[in-house]
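Okay, so subunit A shows up in both of these, paired with subunit B first and subunit C after.
Then we have the complex of A and B:
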């Protein structure tokens, strides 16, 4: 019950904005070919439910695969970077490179490297979502409390043990923050990949845009954000499970 | 200067700026400056008392929505887009059709020895095609897509085409094929009009509102554009140079070549009779019937309201 009540503040803006948009279109304040009425978006969703649902599943699979890939690779790279100052200086700038890749520009190349279809889409989701994982994990690992580090050293703990038992758990809150950012980016990356590689919500958006079906574009965009929210919720759940017993952020 | 004075003079200046630009007309293109817009860049707007700013576009520029919403007084769109827009309540009207014949086509590698569009759909391989386009569905209906793999169109990018002999892609018949030939590919082109789909394209369009409120300047605009196209067809060189400065990614010799290749699509027996850019009701009726048939539009707009020969 308390959970339900806590959702009310989030629902108010939704209701207000939806109602305002509907009225604005109905009374001709906004042209329906510029902003679709929420009711027509809903209608588009119902009319094309099979196509949209199929597309949502395809995009989900690709976004999730890209996200998992960037989680695993991102954490591994961050651990590697944290191993010495010299390594960090040598390689960190190249990690930043991922952050700055204009994905739209390299997407046609992804198609040539990976072919049309899911692999290109996963690659695109991966490229845009890995950097926040690297950056946050690295900063988390590097900011272990010095006193605790000294304690581990005093007891003669080896580097892997220190990493696994101290640095990594201590970095968890920051790693999870990185994952939250990455989850949204993975969805965007997947859809951009789909513009070029075909399939999924990206393809639905591309086709609907060409046909001037603003209602269908919005329906697909809405589903994409549902996917983003679902991934975000997954990370929050993970965060709750792993942090609730010791970290302030999950103890409210 | 105290704050009040600052605000006063500031808003006065702003007001003056607005008033000055209120006479300015914006022409929104749906692509970067290139020969398909030559006549628009060559047009003597000032001689017709017009102050025109040309806004180049790119992939996905919603030109027709801009015209409908009044964020550009004129736009360049294709006739099928216009019919679809009208059926969705966007009041836009065609005034001048540059391309009398559809310049869209499918390009393939000549080594595949295909003899027709139908052949292509029987022979397999990959075809890059924007599925939302009406002619994509027309092709699907006519030939079926079960043997070819349809992938999204890479815009003007031809790297995938060059890399794969069994790759075909949608193109403008006087654009991508030339680029591909320059890169050493042996290219064959099938115009989409072969399949019976031949809408006007690169069509100067305005909103119904503007046409009603300012028939004078609408008329002046069409006259200027017609003169511009005449001049460009006769001698594209000076305009090409100017467009090349705005769009340096296209080589000067390609500009010249495209300008030559597109000529027969713009100047036809019919335009020699009725004037460049003129349109007929029959052509619009045929297009509307086709779009209705393809399911692109639910309710068909009247052909008369789609265009005006000024």
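Then we have the complex of A and C:
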């Protein structure tokens, strides 16, 4: 009940903006071919429900695959980078490349490499979402308290043991922050990938756009946001389960 | 334990130079000195966490894991329960689960924390955390216990209690204790011998055997003999500040 009540503040702007948009379109303040009335977005959603649902599932699968891939690879790369200052200096600048690469520009390249279809979309989601995982995991691993490192050294803990029993759990709150950012980016990357070379919500948006179906574009965008929110919620759940006993961020 | 001509510097800053110090087995020694005089560095070298640039440190016996270290803050692993924190050193040394939990429980009992074993550090008071930290240091049955201003962040009542507990541990276990502090009253109350370091270069300003009874309790805190010892230490400290 308390959780439900805590959601009320977030619902107020939603209701107000939706109502305002509906009225603005009905009274002709905004042209319906620019911004559709919320009611017609809902109608488009119901009319094209099978197509949209299928597209949502396709996009979800690709975004999730890209996200899982960047989680696993991102953490592995961060662990590798954390192993020495020299390795960091040599390779970190190339990790930053993922952050700066304009995905829309290299998406056509991905199509050339991976062909039309899911592989390109997953690759696009991966490229966009891996950097925050690397950056946050690395900073978490490197900021382990020196006294605790001393403690592990004092009792002869090996580097892998120290990594597994000290550095990794200590970095977990920051890793989860990286995953939260990455989850949203993975959905964006998947949509962009689908624009160029795949099916799913991205391609629905692209086709509806050429048909001037603004209502359907909005419906698909809405579903994409819902997907992003769902992934975000999943990470929050994971964060609650792993951190609630010991980290201030998950304690009331 | 014998230090001869020990020198340690960081970059260009010489923290300790030409230090000679002998610590006998079973001693309770307090190291006093102003901030930045090299107290913590000395302790880290005794723990073999840092090597001297030159000079030698001979420690008898030379076995591994005979040394335990208690830090300025409790430094527990927040994701582990009290019991798992106390058992950590044994876990890292590869002891079997039954052995390490049994030993950890015994250590927790010694610092009167037996009933809190399932709690997490975030649920404990500062004093309790420090006691877990002490229990963690004791599980390996160390011969040498090094403490780096362990109770500095605690309120006075808690500190008084822990002082007495630490003194009891020293008496019952016959270990060697090196206690670094900047509190003159704590040093005088706890130790049998106090060493005051000079502000620069880790020179030994004063090395004094404290003439106080073996039994240390709250009554001693009002004892003029303690005041007398504190006055001597204060004198040496003041010349350095």
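In this text, the second predicted complex is superposed on the first by the 252 of 252 C-alpha atoms of A that agree within 3 Å, B and C clash if a C-alpha of one lies under 4 Å from a C-alpha of the other, contacts with A are read in each partner's own complex, and residues count from 1 in each chain.
What we mean here is this: contacts are C-beta pairs under 8 Å (C-beta built on N, C-alpha and C of every residue); 3 or more make two chains touch, one makes a residue touch a chain.
All values reported here derive from a predicted model rather than from experimental measurement.
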item	value
A:136 touches, of subunit B and subunit C: first, second, both or neither?	neither
Partner chain in contact with A:246 - subunit B first, subunit C second, else both or neither	second
First (subunit B), second (subunit C), both or neither touched by A:148	second
A:31 touches, of subunit B and subunit C: first, second, both or neither?	first
First (subunit B), second (subunit C), both or neither touched by A:203	first
Set of subunit A residues, in rising order, touched by both subunit B and subunit C	none
Of all residues in subunit A, those that touch subunit B in their complex	31-34, 108-109, 111-112, 116, 195-198, 203, 206-212
Residues of subunit A touching subunit C in the complex	145, 147-148, 150-157, 161, 165-166, 169-170, 172, 245-248, 251
Parts of subunit C lying in touch with subunit A, wherever the complex brings them together	44, 47-49, 64-65, 67-69, 71-73, 75, 77-79, 88-89, 91-93, 120-122, 140
Partner subunit A, residues of subunit B touching it in the complex	60, 64-65, 68-69, 81, 84-85, 88-90, 126, 130-133, 149-152, 154, 157, 159-160, 163, 296
